[in-house]
Amino acid sequence: MRIASRAFPLLIAALALGYPWLVPNYYLVYAGALTVMYAAMATSWNLLGGFTGYVSLGHSAFFGLGAYGTGLLVTRLDVPWAVALPVSAALVTALAAGVGVAAVRVRGASFVIVSIALVSMTNLVAQGWRSLTGGSSGLQVPSPFPGLHRGQTHMAFFYLFLALLALALLTWWYVSRSRFGAGLLAIREDEDKAESLGVPTAAYKVTAFALSALFVALAGGLYALWFGSLDPIFVFSILIGSNMVLMSLLGGVRHLYGPLLGALIVAPAGEYFLIALGETQIHLTATGLVLILVVLFMPDGILARFTRRRAGPSIPDRSAGERLHEVTP
Amino acid sequence: MTSLRTDGLTKAFGGVRAVDGATVELLDGRINGLIGPNGSGKTTFFNIVTGMIRPDAGRVLYRDRDITRQPPHRIAHAGIGRTFQLCRVFPRLTVLENMLVAVRRTGLRELLAGLRDRGEVERARHWLRRMGIEHLEDAEARDLSYGQQKLLELAAVLMAEPDLVLLDEPAGGVNPALIDRITGLVRDLNAEGRTFLVVEHNMDMVMGMCDHVIVFDRGAPIAEGPPSVVREDPRVLEAYLGV
Amino acid sequence: MTLLLQGLALGVLTGGLYALLASGLSLYFGVMRVVMVAHPAFLFLAAYLTYTAHTAFGVDPFLALPVTVPLFFALGVAVQRLLVARLAPDNLAMMSVLLTFGLALTIEGLLGTFYTGSYRSVSMDYATRSLTVGGVHLPYDKIIAFSVAALTLAVLFAVLVKSRFGRALRATIQHREAARLVGIPTERVAGYGFGVGLATAAVGGAVLALITPFFPASHWVWIGKLMAVIVVGGLGSVVGAALAAVLLGVVEGVVLVTVDATWATMMFYVFLFLTLLVRPQGFFGGRLAHRF
Amino acid sequence: MSDPVSDPMSGPIAAEQVLALEGVVAGYGRAAPVLRGLSVTVRAGEVVCLVGPNGAGKSTALKVASGLLAPRSGRVMLAGRDVTGLTPQRLLALGLAHVLQGHSVFREMTVAENVRLGGYTVRDQARLDARIEVVKELFPVVAERWGSMAGLLSGGQQKQVEFARALMLEPSVVLLDEPSMGLDPRNTQVVFDQIDLMRRAGVAVLLVEQNARRALEMADVGCVLDLGRVHISGPARELAADPRLGRLYLGGQPAT
Amino acid sequence: KTDEPGVAQSPGQQQGAVRIGISLPLTGDFSEPGKGIQEGYQVWADRVNAKGGLLGRKVELIFRDDASDPNRVSSDYESLITQDKVDLVFGPFSSRLVIPAAKVAESYDMLFVEPAGAAAEVFEQGFTRLFYAAPAIADDHYNYLADYLVKLPADQRPKTAAYASLDDPFAQGTAYGLRDKLAAAGIKTVVDEVYPPETTDFAPIAAKIAAAKPDVVVGGTQFEDAVGLVRALQELKVQPKLAAFSTGPTLPEFPDAVKDAAEHIVSPVGWSAVADFPGNQEMVARYREMFGSEPHEDAANGYTVGQIVEAAVNAVQCVDPSPTCQDKLTDHLRQGTFQTVVGPLSFDEKGRPEQAHMIQQYVGGKVEIVLPEQAGTTGLVYPKQAW
C-alpha cells in the first residue's frame, strides 16, 4: 500500500514527461499543454480557496494581468521574455497583495462578489487603456522561439507549463504541512478565533492571495508568449476563473492532486461536449448540469470519495465516571 | 510585578456603556476571578484586552507595555490567551488539528516548520487527556457535544502556553466532576507561574479557586479583594448575588 | 448645466431599475446567505418569456406578470427545495456559487437552444416617448421601470421586514433548529423565500425586456454590476440596496455625461472597493458582523 | 380552539399525561449510536433532571423527544400517544416546548422580534401582548433592550431572551437544556423559580443541568446518564446525597 | 509525428471528399452572425456538390464551435489541420477571432480566406495567406457616404457630427473611417464617445449627443448597442439630418427592435439580395430553399469565401494541404479578380479587398440600397425625417 502510494506519483510524473513523445500529433501536444496550464492554475487557485475557503471567481484577473504584463514588457520595452515573465509575475503579485488588503476584508459571499468585480475592472482597464494595451484590437506578442516550428513550440510550452505545475504542487504540499497552512485552515473555520490564538489573519490571507496570484500570473505570462495574441475580454474572462474553481472542486479542494485531477477531467470533457453537442447551445446546459450534479453529490470532490469518510466521534468503552476515577489522583 | 493593568477603559455601543472607566490591576502569578451580573461588561473587557474591540478611551498595559491598539494576534504572541464565552472551536478540523493550530507561532522559521512535530502532538494528547476527551482526537470538532467543545477550547488555549490566561466562563456547560479537575488544573498551572483571570458565575468555583476577586457592575469594578472579603461586601451582595 | 441635470435625472431613473434587478439578490445574499450567480440568468429567462407572451399572444409585457410572477415563485420554491436545500450549510457560500453558476449555464444553454442566439426585443410604442420637464427629457420606459421598481421594493420590504413570513424567514436562516422549535415550518419558509426572490426576477425581466434587446448570454454583463450594488448597500438590507442602486445610477449617469462610458462602468467597482475599505458591512446598514 | 391538546396556550393538561422515551436508540449520521436504549419518563407536575458527563447524550435525548432527531429505534410517547417521528412543529402544537443548549437567539433580529417569534403559532395578539408583559417583568433586560439586535447582547442576556421566548407559550411539557448556563445567580434563581412555578401548574419538565446539585435539590426525579443509557435513577434528593455518585458525576465538594 | 512539417501528405488523401475545416462562433457573443456564416458555407457547398464537386471531388465541411473564444478558435484550427488533416480551411467570424485563427493557419502554411475579419488590425499582423472576402475593410465601409456628404452643396452640407462607438476593432474602424474623412472635409466632430461592450444604458450617451445638437450621428455599433442608441436618441429627441449605424441595421431583427425609428437610418452593407452579380440570384434562391427564410449579409459573406477558393482551386488544379498546393492557391488569389455575389473582388498584398461597401437605408420601412448611385434602388433620403 505504502509503496503503491509512493510509486503512483512517480508513474504519473513519468507519464507526464513522456506525454509529448507518446502522442501521435502536435494537436494533442497542444491540448496537453492547455490542460497542464489549467491544472497549474487550478492548483494555484487552491492555495487560496482550499485553505482559506475564500472562493475567488476572479483569478482570471491575475491570469490576464500576468499575460498583459509579460506581453507589454516584451513588445513595448523589448525586455527578453525570460526576464519579462518573472518581472511581470512579481508585479502582479505585488498588486495582488495590494488588492488583497481590501478584498480579504470581506468574508464569504461578499468576497465572491469582490473577485468578480476584480475581473470586470481589470477588463475595463485593459480594454479602455488603448494606447498602452491596444485595447479591443488586442496585443500581439512575438514568439519567444522564432526558430521552432509551431509543433515544437507546443512541446516547449508543454514542459514550461509542466514545470509550473510542479512548482505549484510543491508549494501547496509544503504549505499544507506547515503551520502557515494550519493557520490558513483556521482562518477558513473561524477568523476571530484564529486571530485570538495568534494567527495574524490579515497577513496570512494576503500572503495566500498573493501566492496564489503569483502562479496564475506566471501561467498567464507563459500563455501570452505561447498564444501570441491577447484580447481583453477573453483573458479577463470570468469563465477562465470559474474553470479553476470547477476543476479544484471537482477533484477535491482538500487534496494536493484534487485540482490536477479536476483539470484532467474538465478540460477534455469540455472538448467532448463541444464536439458532441456543439451545434446548439445545449452543451452549455450539459456543462451546467454536470456542475450541479457534482455540487450536489460530490461536494467534497472526487478524491474525497476515495479517502476516509468522516466518522462520528468514537464512543469510549468505559463510562466517563470510570475514566475520571482513573486519572484523578 | 503587575501582569495586566488597565487605566480607565471605556467602551460604549450606541447608548450602552458596556465598559465604563474600568481600572484594574492584576498581579503576576495569581488566580483572579472576575464576577458581575449579566451585562456588566466582563466579556467586553476581555475583548478589549485581547484587542478584538478598540476602546473609546483608556489604556491596556501588559507587563508595563502598552498594548492598547495592537491587533489580537500580537497580543496573543505577547502571551495572553483567552477562551470565548460562546465556545468557539474550528468546526471542520479534527480535535487534534484544533490543538495543533493553537501552537504559538512567532518567527518565520516557526511558521514554515512542519505541523505534526512529534513533540507537539504528544503535548496536544497530554492536554486532551487532562480534559477527558482524548478518545475524540480524530473526530471533527463540530461533532462534539457542547461541553466537549468547551473542554477542547480550553485545552487549545493551554496548548499555546500563555502567561496570562483569560477564561470566559470555563465551567459553563461542563460537568461538575470535571469542574473540579479544571480547578485543579488551573491551580497547577498557576503554581508553574501562570496568571489567570477567570469570569465565572459558578460561585463555588470562583470562591474556592481564586486568590483575588474583582466584581464588575455597569462596566467598572465596584469591589475587589480576597474571596472571603468580597463575599461579605454589601455592594456585591446587592449588585450580584441579588440578596 | 441641462446636460448635468439630464444625466442626474437619467441616473435616478436607471438607479431604480438597478434596484429592481438587484432586489432579489439582496434577499438571497443577505437574508438567505446564498450566493445566487444565476439571478441575472433568471432575469433574462423572464425576459424571454415576456417576449414569447408578447409576440405569440400580443400581450403587453406587464400584463404577462400575473402569469410569470407565480410561475417564477414556484420555480424558486423548486430550486430551493430540490437544489439549494441539499447543500451543506457549513460551506454554503462556496457551494452555492457553483451550484447557481451551473444553473446559469443551464438556463443560458436552454435559452440558446430554444430561442437561438439572435437578439430579441419587445418594443412598445409607449416606450419610445419621453416626458420633457424644463428641458430635461424623462423617457417613459425608464419612468415605468422606476415606478415598477419602487412598487416591487415596497412590497418586498413589507414582506421581509414587516410580515410574519419575513420574520419566520429570517429566523429560519439564523437558527434553523430554534426556528423549528418555535413552530416555524422551516423548509417551506425557506422555499418561499427563494420563491419571492425569483418572483422579483419575473418583474425585473419584464422591465428589462421592454428596455433593452437581449440574447442568451446577456446575463453575464449584469452580474458584476448588480452585485456591486448590493455590497455597497449592505448585504441583506433591501432599503440599503435600493439606495445604493440609485446612488450608483446617478454616479454612472453623471460620469457618463461628463467623462466617458468606461469610467462610468468603472464607478461601480470603485465604489465597491471604497465601501470595502471604509465600511465593509455596506453603507446603508447591512448584516451584523459575526464576532464574539 | 376547542381541542385542548392542539392549543399550545391551553395550559396544563390532565395529570396522567406524560412524556416518555422508551428504549430509544439514536445517533448522528452513520456513526455509532449515541443513545443506546434510553428510557425516561416524565409525569405532569414533575421535574425530572438528567445529569451526566459531557457527551453522555443528554442533549441528544432532548432532541429525540422534541422531534429534532429521529430515533433509530424506540418510541417517544406524549400524552399517551406515539409521537415518534413527528416534526417539532407538530409536537409544539401538542404542547411540547424545547429550549436548546448553548445560544439559539436569532442573532440578527431584535429582542422584540425574538420574543414575538416565541408565539409564532399563536394568532391571538391580545394574548401575546399579555405574555410579553409577563416576560418583560421577569427579565428586565428584555424590556430594557427591546429594540436591540439580540446577537449583540451579552451571553447571559441572550440566555434570558431565549428563556423569555420559550415562556411565550404555556406548554404542558417542557424540555430545558442547561437553562442556567451563563446566568448570574439572580437570573439563575429566576429560572429555577419559573421551573418551580411550571411544576406547580402541572407542567412536566425534563431538565438537563450541569449545575447538578442545585438542580437535583429542586427536582423530583434524577437520572444519571452515561454512555447513552440511564446509569442510575431515583428520587433526586437521594441521588444528590449519594457520595460515590457525587464524586463521579456531581463534583467533589457539596454545595456550600 | 504524423504532422511534422515536411512529412509528405499521403497520396491517399487525394481521393475521397475535399474536406474543409471551419471553426465558427456557434455559441457565445457572436453566435448569431456565426450561424449566418455557417449557412453561407453550407449553401456554397451544396451548390458545388450539386455541380459535381471541386476537381471532381465532393466537398465536405467540418464545423467546430469555438464558443466565441479565441483560445478555442486556435485549438479548433490546430486540430482541424493536424488531426483531421483537412484540405482547406475557411475563416471564422469576427476580427477578434480571425487574428488568432489566422495565426494557426499561417504557421501551418494554409491558405486562409475569411468572411468577417474586417478591422484594419487584421491586415497588420504580417499574415501572408489571409484574404478578406468582402468588398472593403472596416475603415472604408462608409466611403460612399463620406463622398456623398462632402459633395453636398455648402448650404445643405452638415456642419457637425457626433460619433459613438463600441469598443471593438471592427465597429470603431467603421466609425473612425467616416470621422476622419468628414473631419478632413471640415465637418466638425462635436462628440466622440467610446463605450465598453458591457454598456447597457445608452441614455446618458444620447444626452451628451443631444446637448451638442449635431447634424450627423454616427454609431460604430454591433446589434445590441445600435438598438440601445437609436432608442435613446429617439427618447431624448435628438434630431440629426443623418443617422448612420454599422451592423445593427443590416440584421433582420433591427426594424422590430426599434419600431418606426428605423426609418431613414443608413448603414454600410457589403451585399444586396437584389444585386445581379453573377451567381447572386442563384445563391438567394438556394438559400431560401435550404433555410426557408431570406438570406442576409453574413450568409453572403460565407458564400463569397467559398466562391473565391473555388475559383482558385479550379485555376491551379490542386486541392490538398501540402505547402506547394496552398502556395499556388495563395499566389493565384493575389493575382486575379474574382466574380462573387458581392461583386468582383481583388486583393492587395496584405489581403485587403480593394472594392467598396454600399450604403443601405430604410425607406418606407424597406431596406433600399441608396449609394453608390449606379447600384442604388432609390436615392438617399437626406435630411432624414424626425424620430
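Note that the chains are named A, B, C, D and E in the order they appear, and that numbering of residues resets to 1 at the start of each chain.
We take it that a contact is a pair of C-beta atoms (placed from the backbone, for glycine too) under 8 Å apart; a residue touches a chain by one contact, two chains touch by 3 or more.
What you see is a predicted model; the values in this text were computed from it and never measured.
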> What is the minimum number of touch steps required to go from subunit C to subunit D?
Replying inline: 1
> If you check the contacts of subunit B and subunit E, which chains show up for both?
Replying inline: A, C
> Of all the other chains, whose mean CA position lies farthest from subunit D?
Replying inline: E
> Count the touching C-beta pairs: is B-C or A-C ahead?
Replying inline: A-C
> Between subunit A and subunit D, what is the gap in Å from one C-alpha centre to the other?
Replying inline: 50
> If you average the CA atoms of subunit A and of subunit E, how far apart do the two points sit, in angstrom?
Replying inline: 38
> Between subunit C and subunit E, what's the gap in Å when you average each chain's C-alpha atoms?
Replying inline: 37
> Of all residues in subunit C, which are in touch with two or more distinct other chains?
Replying inline: 112, 117, 224, 262, 265, 291-292
>> If a residue has to touch 2 or more other chains to count, which residues of subunit E qualify?
In response: 26-27, 31, 167, 194, 196-198
>> Residues of subunit D that contact two or more other chains, please.
In response: 28, 31, 52-55, 152, 247-249
>> Quick check: in the complex, which residue numbers of subunit B touch subunit A?
In response: 50, 52, 71-74, 76-77, 81-82, 84, 88-93, 97, 100-106, 110-116, 129-130, 132, 135-136, 138-140, 143-144, 148, 156-157, 160, 175, 177-178, 181
>> Considering only the defined contacts, which subunit C positions touch subunit B in the complex?
In response: 90, 291-292
> Across the complex, what residues on subunit E touch subunit C?
Replying inline: 26-29, 31-32, 34-35, 167, 193-201, 203-205, 207-208, 210-211, 223-224, 227-228, 231-232, 234-237, 251, 253, 256-261
>> Touching residues of subunit B toward subunit D in the complex: what are they?
In response: 13, 16, 36-39, 42-44, 85-87, 132-133, 136, 143-148, 150-151, 168-169, 171-180, 201-204, 207-208, 240-242
>> Per the contact definition, I'd like the list of subunit C residues that touch subunit A in the complex.
In response: 29, 33-35, 83, 86-88, 91, 93-95, 97-99, 101-113, 117, 216, 220, 223-224, 227-228, 230-231, 235, 262, 265-266, 268-269, 272-273, 276-277, 280, 290-292
